[in-house]
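Here the structure comes first, spelled out in structure tokens, and everything after it is commentary.
Order of writing sets the chain letters: A, B, C and D. Residues in each chain are counted from 1.
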């Protein structure tokens, strides 16, 4: 028995799917202590958009450490934070004509979501938040109330309050007018829906199974929010920082959320960092009302600033992401087409893609296992873990990306030609 | 106007007390961009027990970065995590005969507290938590419900539930039997107190104004918890990791909490890291029920393991902390004795000390400002920020410590000889 | 200023619509102190199905009082209660092959609803209740959480918890599959809907604007409840006791709710009384867990038993109600047909009917006022009070009923020929 | 098996202590179907202060019924309600120089409490309510949150929120300064006590075990409420209407609560009725925000008005109550003195008295049973039902009262000379 087994809590999870001890990493490749090299299609669940240990960022971090740069500064001013703010303003906010105030919350996504909810509730004097089916926003008490999956909800140990769930785009089938439904509940003062302080939405639901909201739907949602003076929060923790091809995931929709949460890849090197963007009139905080020991993590500021300068000075990166995204889509479509009887659904945007199998939810997990045997790290998501989820680093070399996609295809092939599996899941017909 | 003023949220707080831009730091000294050097009696609000940028830890971090060690690993196995677990087991748990499982939560203190509450609620099937007056446990929704200060509570924007506050040791005056009071409420099934899943307590309330629970009181509290099968959670986020002289703050009380939260100085170099210790029978988590993107922050594992090896192999460090603690106490007592009419109260343990002025709460803030002018960084705490709080790095050199204490004394002197201040606060009499 | 104005709270409501002082009543006629006689189409908001002061019940009450029968008995046994139980068993439960236990709650509808929620939550160990848009179940804290109208919700002064609203039959338009929607939310463990302890439903939503659930919809709802082991509560407080023509409102649907709430006309003579019926396995109460000072109101037992014997020995009464109901429908349809441009919608069942005007919500109130001038008491209901609601005593003589319906028609006529009103509400076109 | 056993829910409670079927009642005597006559020291749990079936009130009720007086009127004006208001104003409010608005809530005590909480929360914009240990205010969701006994609390099936319990007068022993404790929690913004909208208090806790608050304590409580602008609610449902000798229970304390709840004996004849009195500036209701089908129960208005005219025109009734109260106290003191070793505590005020046995909680129940065998109905109260509670009708004839007290004494005698009981409860020593 390893020390992980004897000492670590049963709550650990990813190590069960990828049972080896990792040591090093670089770009889209991660290595274990036996020297096995894996292509990483997980990318820290979206935290490693710029790959592992990007050399230019690494150099900056080492330089900063060597010169005894201030590492921990609470919310005091530091030159590292200033540089981040300047770079973020110059390359992210200013070109997009986005006027936002920046709040550094505790360095986790859920902390940014909790801060967003507080802000919205205090600014409006209302308590309710509208969240969407299959949404994931974190597991601290405020955030988990807005998280759909009962795996997380039940763990809270108390009933969850002050959030109402509405159907996400496509949740009730292609034709259903989910926004019309939301509007009806808001307009009708007898619907039982308490007028919300805010709506929180992911433009693509990563944890929820790679569900993609259309630009039209997002625009319609913004319209409803504006009409009823509801604060629109876009949770861009997983899908922001380029995952959907533009820095903010919603840029092509042309919407302008009141509040945006960022984390995961923001810290650029896998370093904990989160922030909240809010329209200036919403910045109604009193000093110190929301705090956190690690809200001034200067290594993350250094890495984040460098990444923004490296990747977001112009639109090249976006073009690359789109190109690679199309490549992924083509390959996945081909896989789905190879096994038409299984009923695989391909969906995604930018470089977040899912291939879902409703009829046999276990398929995704089985393919993930087969892929790991073939040195590809790839996870599942969705209600029943029925969606194989592709989240490669955005910087992955095309060749590696194609290798990874080859493994995905081989893994489907392997699983879907395994008689025992097919029989167990009534797929024999399907694969003929 | 600096970019901090134009772009950062009004929520920022410490930068208002210490208005300069910091750049570098080393040990107990922190430097701003004008080259001013400050003695740091704040120590990242308890996150820098081993000082800024400890050279041995720095070397390990740079080495790890240079060799492309895995930085971000979710909860997958990594050799950095294994090393941390081994070192933590060998030097912390094993010598104390403490049998605990370890859970890496999201890397903030509040996340560990939220996980502790979930655990306690699920393990007992109860929902209520008993917390104490003046306690501070974080600002996410679950934790802030257990935090006493209405500055944080009101910011939640929703009523806070499932926590009952009981008087902390000494809260009702020296003679009051606060434990007897708690017992009465628990024993009496008509008291209106719902039998709690857990009691959460800090052995010294840092944010609450440096209130110190006696060993007897802590033992009595454990007794009550055992008797009524209530889970005892010690929140050692600020006071653990040696602040109270031993690694866990409660060791001299001889108690054995069911659950312990650690963060802040655990990451050793100001790096975000948190963990939960729980008695093995309480480890009832299902895989992934509580998660978090940054729960596998390997730089923190590297730093934390190194710090434990450096400082906790034997009891030397504890002896040093005690010695410095006595020095601090003596100097503060002397200050209190110099201004008897002001009514200063000195309290603390290990190397966390407070000097409180009930009659003139503004005094502490004024002394903090005067100290900053004299290049000492020192904060206030307590309900009305009426307690000057000394939290120097545990590794501070004795000479620097004495210099800092000199500045504290000079600052009291300066403020208490300022006629305008004395008049405004009716202290003219006092200082005669 | 009358003593009502000076002494009574501003919360009073019906007296504003019907501003006179009433003194006597008999059957469907109510009299004020000036001797004016009004036809009563309000019937105590459904509490006077057997009319005011039914002579046979009156005789029983006077007899009971004269012989010093026990009036107030908490939940001790009394012969009056025994007689009620026997009669209720013989004429109501037994012929319908309904096996239920009977709980006498505090004598108000909301008290029965609160008891039903407790029962469901304790029996299932779950906390959530599914209620429906436009539902009304009372205004105490537990019940108002399940009441849709924000007029009542906002008055609570605290956020309302542990209830999720789902769309009622027809709420999203004729074609929308509201049950499919509910099923989707229940089946999908990531929908954010916590599996409910119970579903509470009115078969016709009286306060909500006379919305009628189809028998198919009710059967489908029962099916979902059975499939997922959710307790089905039918709130028959307003629509039970014959209002929908059968004693229980759902008899023609052929469903068998787990829990039924009754009140209003149960006490027969306008006397406060409520009860809960529950399937025997749900009777998990410990003695006295739910109590109430007036749960043994013997005058109400006397009246209720007498009414059941008078009206529910056979199916005659149901036939009469259906006949009168058809009469009402015909007359309302005729009114709607006379003013096609106004867009009046007629709906109802048994002897509860509404005539709604979506385009001009004020019309219903105006017609109610015009009717009161013509000595008819008739109220409005629905979100914007846009539905004129007919709730005559079930025992009303056909002639009186027709007179009342004449007044309704005359009142529409009067309002819709009032140029000022038409202009103000853009109805000039409509009435041409 | 009787129909009660087969058909009625297990929730029934009093019928277990007093297992017979009652039929008639008059004054302080209640009769069962075997013709047994019992002296009633329960008085409908305080609902029958004027005795059963008072002849003058009976006459009025029969007269009203015979003339077809309006029985059920929602909140429309009726002459019966007007008469009640006039009489209540003339004999209750005016002589006490009390300026209050009157709200008729649903006719149960818990409904009045729920309305009081709404009012206080909306008027202050705060959500928290301070209630006291051992308090009882009803079992609907809002009220039960303020009820201390976990027998009722646990039945709610959901965690109870927005109420904080503070120690009642004497709860922590004679010397403890419970008001100082409350003040400390309110004054200290870090206590974790959210500033309450209201404090709710019973001047004598009936259900809680006949705990008596001193006049000084009540005055001190009012002072705190005034100082911090907290609404003071006196719940006079059980102890008002003369039980404590004056109409309102707090008159001798000289306080002026902001809100008062009345019910139980208000309806005079055991008829359901409740009201809320509120200082005029608190009457911030919008029409119909709090409603209830039976808030206009005219039989109760008739009975209540008559009772007020009969008993509250002058101070005679108060003098009689005090005299009888002294008699009760003397007899109970004598009983306590007869069995000094048992440690009986006598407490009460006016005509509500308790005799408690902390060391042997079962004693009270045993004495109650022994008394029932001797044709006296008397209940227990308090956390462990350890208090024998005397609540005779206020109008009881002195002779009957003495007979009842004789039975109490005989019952103590019988139980305390029962060797088996004494042995089982280690009271052999005690009774020697």
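Keep this in mind: a residue touches a chain if its C-beta (ideal position, glycine included) is under 8 Å from a C-beta of that chain, and two chains touch if they have at least 3 such contacts.
Bear in mind that the values here come from a model prediction, so they are computed numbers and not experimental data.
**Q** Out of A-B and B-D, which chain pair has the most contact pairs?
**A** It is A-B, judged by the count of C-beta pairs in contact.
**Q** By mean C-alpha coordinates, which chain is most distant from chain B?
**A** C
**Q** Centroid from C-alpha atoms only, then distance chain B to chain C, rounded to Å. What do you get?
**A** 58
**Q** Quick one: chain B and chain D, Cα centre-to-centre, how many Å?
**A** The computed centroid separation for chain B versus chain D comes out at 49 Å.
**Q** Can you compute the centre-to-centre distance for chain A and chain B, using the mean CA position of each chain? Integer Å is fine.
**A** The computed centroid separation for chain A versus chain B comes out at 32 Å.
**Q** Pull out every residue in chain B that's touching 2 or more other chains.
**A** 127, 151, 158-159, 161-162
**Q** Touching chain D in the complex: which residues of chain A?
**A** Residues of chain A touching chain D: 158-159.
**Q** Can you list the chain B residues touching chain A in their complex?
**A** Listed in rising order, the residues of chain B that touch chain A are 2-4, 7-16, 18-26, 30, 33, 42, 44-48, 52-53, 58, 61-62, 65-79, 81-82, 85-86, 89, 101-104, 106-111, 114, 117-118, 120-122, 127, 138-143, 145, 151-152, 155-158, 161-162, 197, 263-264, 269-272, 276, 278, 283-294, 297, 299.
**Q** What does chain C use to touch chain A in their complex?
**A** Its residues touching chain A are 127-128, 131-135, 146-151, 153, 159-165, 167, 171-172, 181, 184-185, 188-195, 208-209, 382-384.
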